[in-house]
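These are the structures in question, set out in turn.
The two complexes that follow have subunit A in common; it is paired with subunit B in the first and with subunit C in the second.
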Partner chain A sequence: MAKIWLKNIRYVYGGKRRKGAEALKGIDLVFEDGCAGALLGPSGCGKTTLLNLISGLLKPTEGKVFFNDTDVTDLSPEERNIAQLFQFPVVYDSIDVYGNLAFPLRNRKLLENEIKERVIEIAKIIGIEQFLRDNPRKLNAGQRQLLALGRGLVRKDTAIILLDEPMTQLDLHQRWFLRKELKKIQQRLNMTMIYVTHDQYEALSFAEKIVVMKDGNIVQEGTPETLYDYPNTSFVGWFIGTPGMNIYNFSIKDTMLDFNDFKINMPQNMKEILKGRTGMLQLGIRPEYVRYSKEEAKEGFFLTKLISIENMGYFKVLTFKVGDTVIKGKVLREVEINEGQETWVSITEDEVNLRIYENGVLITK
Partner chain B sequence: MGIKVVNITKKYKNKTILDNLSLEIIKGSFTTILAPTGAGKTTLLRIMAGIEKATEGKVYYDGVDVTDLPVQKREISMVFQEFINYPSLTVYENIASPLRVLNKKYSKTEIDEKVKQIAQRLKISHLLKRLPGEISGGEQQRTAIARALVKGSKFIFLDEPLGNLDYKLREELRTDLKTIFKGCTVIYATPEPVDALSMSTHIAFLNAGKIIQYGQANDVYLKPSSIEVGYHFSDPFMNMLECNLVKNDKKCFIKVGEEEKFILNSIKFENRLKEGEYIIGIRPQDFKINEEESDGLSFKGKIDFLESTVSTVTLGLQWENKELVCINNNRDFQFNVGEEVKIFVNFENCFIFDKKTRKLVIANGEFVSPTIEN
Partner chain C sequence: MKNMRVLFLLLPALVIMFLIAVVPLITVFNYSLLDLFAGTFAEPVGWQNYVSTLRDPAFMSSIKKQFLFTFIVILIEIPLGIGLAFTLPKQKTSWSVIALILLGIPLLIPWNVVGIMWRVFTRPDVGLLPVIMSKLGVVYNPAVNGGQAWWTMVAMDVWHWTPLVILLSYAGLNSIPQEFYQAAKIDAASIWSTFRYITLPKLKYVLVIGLLLRVMDSFKMYDETFLLTAGGPGNATELLSIYTAKAARGSNYGFSSAVSLVYLFIVIVLCFILYKTVMSIGEASK
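This part shows the complex of A and B:
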């Protein structure tokens, strides 16, 4: 078991001199021992590069990697005692499930009875003990990933588990199954597990610490609640949540907030925070806090057209439009409302849930 | 009018992929072929488009037999899961390319007008001078879709076009596709229930080489005709519980497990329901937690699994050696693994399937008449 400490990491593909191929631009990061962590970001943000630096598949151009207090920067992947899951499960179909689990131990010349004990222990943890004598082909895609994980866990000195988008090849039902099993295993073994994904749902549901990355930098790190409720940039607000946070540019005109396509009175609690601001201002509001009404209602509501309703099963996404501005709302599926309707909308009704950004940075507490 | 496939069978060596399948796609509809992985949806799409030939059966476009018409002569477009663009051509030239090879000659200004119009619809106007390698995956897929749309094809086929996209791009494009394709006839293949439900006007559910249900999207969702459709057309999947229907002189009730008794309005169902074994299907979002009303089923159990994405919590509840999954949107609820909770579902939200025939019998509290099936 180990804590991971990344110190001032830079990584440039093709060597130091090349400009523009800088995949990581100075990363300082700690994952505590036993942490369920996630590296989250869009394609090209550097998350996989960072994972490969932890596993030792890549060496940093600058900076150091520590496991606990040991500098492992120059160690090979084998010397780092890491287990890794990839998009495709790495499993040998030519030997049975038992043989797959025993393989890493046989390589280390353990006694057969020791191997047997350990294989059965791990098979129980990953929930495939009834398949030990079967060919791995008999397992479904989720169980094959678990078997690949088991091969990593079977060595007693495995310090860290890295998961590189392990759900990519799975369908909906298998994704649920594997998410559940991975989380149980993490909680049971209390091992440091780092999950890399572009899928905010997977990150939020798996990790206690999420690191959001963009363009080779860390944008924000924190618990799922922190990222959801207090995204420190408009990017994180948009990236986390389904749909993401609505973000609108506005300027202050006397006591009004001018959003170009609509104007509203400045909410009470914003007067203090907006005083003297000169930068680019943005207001962020999560879709579930957008309020709407079929009739002209209270102060703060403005007229929009409901252009689309998407049924997502357990909720509906409403898309309102006013001028060129699109506003996303989120409601429980029971709500009766029709597409094409003129609808009154408020984005400032729920004052405590408003977030204000100046030049992209959160200024509300 | 639209597309009609009649008695399509497709075999590879001795394996039957599509089994005497018939389906009609209505003109102007957004029809999703929803199917679990490996059910044959890509094969069906390719046969409809003319990329592949059926072993047996006929394909009609607007009433005309096109079974033997090569794909180049059909007025169709297709978008695949992989983003297929010409890497050496700009986004503009990629979109314009289908117009340059058509028999009908377009003038330079006509082409320019069409390309710009489509680019605007797909929100890629600012990228027209770039190469595909210089834009994101989502933008590349938008380019491929623009190319499919530009020549005004009669039918547009989409084979899991969101499959290779990042979560956020997928979410954005999903919303946009619905608007972009308004008025076009679109046939869309996917295994994802949320894509099917949120975008389509019609859904054809394919399983083991057959269309087992076809109808308007909402109707299929609210009345899944069989256990297979119910289980797959739900995110997460539908809870399925075995039960027994018992009748005595005055009452008609359902026994779920040892203790639960679920009394049906006997007058309403008496003559139409037989005693015997049934399956109750419950979507995870239809459970209410620690709330109880009169007309429904409740279960008490320990939480053995919790998954939170801040705005929603998914619980796994242990009940009589089964796991019941429920979703909750209320952030104020705080749960812990091991805690005992009570969950409740209204009778109206229960789907009751006949265990033997696997067909839907009761939905929305009403007896179900058989839906259109092949």
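This part shows the complex of A and C:
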């Protein structure tokens, strides 16, 4: 088990000279020992490149990779003692489940009774001990992915487990199953596990530390709660959440905030923050904090039209429209509301949950 | 109702199959039970033709030669084909495309042309090979030396058909996802165990096709051998096809029909056994 420390990592595809193919632009990052971490970001943000640098499949153009204060930058994947899960379950169909789990140990020339003990121990942890003598094809996709994980766990010296979008080929039930199992195993063994995904839900439910990436940079790192409540950029706010944060550009006209399609009075506690700001200002609010009312109520409400209602299970997503501006709201499914209604909406009612960004960067506390 | 419609749609294919395969087969089977000589008389003789086929020492000897030949060429072509496929670059570059085209050339040449090429290549008077061999101090004349005729025939087959195995294995190798090799690397697998537990099982289906094609084709091979050695010297290279053709030339239609059916039976049984064997490889081993 190990701590991962990435120091000023740059990576350019095709060598140093080619410009424009810079996948990582100076990454500094620490994952503590035993940490359940996630690299989250849209396609092409560099998260898979970063994972390959940790696993050793790629060497950084600049910078160093440390495991537990040991420089592993020039070591190969097998010398780094990592284990990896891929986008589909990599299991060896030509050998049975036992043989799969024993494979890394046999390659390392362990004694057969040591192997047996270890294989049975790990098979119990990943919950497939009743399948030891079966062909892996008998397992379902989630169990096969766990078997692939088992090949990593079976070695006692495995430092880090890397998971590269391991749910890609799984159906919803399998995903739910595997997510639960992975979390359980991570907590039980206290292994450092790094999970790469573009699916915020997977990252938020698995990891205690999430690193959000965009265009080869880290935008924010933190716990799921921090990322959700205090997205430090409007990108993170928009990227995380279902649906993401409502983000609106605005300008200050006297004591009013002008959102182009509507104007509202400046909330009291914002006067201090907004004083003297000259950059591009944005207001962010999570859909669940958007308030609405059937009749003209209080200050800060403006008239919109409710154009659609999406049922998402235990909650509903409401889409309001005023001019060209779309406002997403979120209510419990019990709330009765009809499409097509004229509705009064406020985005400033919950002042503590407002986030203000200047040039995309959070300026509220 | 639905089944009737399926039958109706299959009807044209069934009629054609019936005319080109079933009818001739039944006819041949009918002939094989008759004493039929050049159309002059026909008398039912039961299984007599089969008995005399199986009792003919020339027939039994041609079966032995056939099995030996097939065994040798497969033993050479399959490992050689897989090995050469490994040496081809995985990425598609213009060089690998050129290499693939060059490799495919022997496959494009008609069988009788291959036979003629090798005939000319090995002829004692004008051929290149005898000249090279005599420089090396070996008297090479496949028209006289049965052993040399044999190895020439094997070399010709290897030259002609190894590219098929290469192309099949290459396609099979390229269809194995890279992740398997990365995982094997992480598991510290040796080159041999990577091959044994990942590459070979994943190549299995492609290799079955290659193996079946090669077994069937080597059993059917006629033109090349006929042009190269015509079964000679003596009957040293008289494979099953050449024996059968000789039997058919003799106007003894009943007998040659029986020979053909035994020939067909051997090929079908062999392919069936091979298919079953290869499909079970790696199924249950640990």
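Annotations
Heads up, the rule we're going with is that the second predicted complex is superposed on the first by the 365 of 365 C-alpha atoms of A that agree within 3 Å, B and C clash if a C-alpha of one lies under 4 Å from a C-alpha of the other, contacts with A are read in each partner's own complex, and residues count from 1 in each chain.
Just so it is clear, contacts are C-beta pairs under 8 Å (C-beta built on N, C-alpha and C of every residue); 3 or more make two chains touch, one makes a residue touch a chain.
In this text, all values refer to a predicted model and were calculated from it rather than measured experimentally.
Taken together in the superposed arrangement on subunit A, subunit B and subunit C fit without clashing.
Contacts of A:Ala148 after superposition on the shared chain: subunit C is touched, whereas subunit B is not. Legend: residue contacts after superposition of the two complexes on their common chain; A:Ser94 is shown touching subunit C, with no touch to subunit B. In the superposition on chain A, A:Gly241 makes contact with subunit B only, while subunit C stays out of contact range. Seen from the Cα centre of subunit A, subunit B and subunit C lie 70° apart once the structures are superposed, a value rounded to the nearest 10.
In the superposed pair of complexes, A:Ala83 makes contact with subunit C only, with no contact to subunit B. Judged by the touch definition given at the top, the superposed model places A:Asn113 against neither subunit B nor subunit C. Using the contact criterion defined above for the overlaid structures, shared-chain residue A:Glu288 touches subunit B, although it does not reach subunit C.
When the two structures are aligned on the shared chain, A:Gly313 is found in touch with subunit B, with no touch to subunit C. One of subunit B and subunit C touches more residues of subunit A, and that partner is B. In the superposed model, A:Pro104 lies in contact with subunit C only, and not with subunit B. Between subunit B and subunit C, the minimal CA-CA distance in the chain A superposition rounds to 6 Å. Overlap of the subunit B and subunit C interfaces on subunit A comprises no residues. Those residues of subunit A that touch subunit C in the complex are listed here as 57, 76-78, 82-84, 86-88, 90, 92-96, 98-99, 103-104, 107-108, 135, 148, 151-152.
Subunit C contributes residues 177, 179-180, 182-183, 185-190, 193, 196-198, 200-201, 282-286 to its touches with subunit A in the complex.
Only residues 42-44, 171-173, 176, 179-180, 183-184, 198-201, 204-205, 224-225, 228-229, 238-239, 241-244, 286, 288, 307-308, 310-315, 317, 319, 332-333 of subunit A touch subunit B when the two sit together in their complex. By the touch criterion given at the top, residues 36-37, 136-137, 166-169, 171, 174-175, 178-179, 191-194, 197-199, 217-218, 221, 232, 234-237, 283-285, 305, 307-312, 314, 316, 325, 327, 329 of subunit B touch subunit A in their complex.
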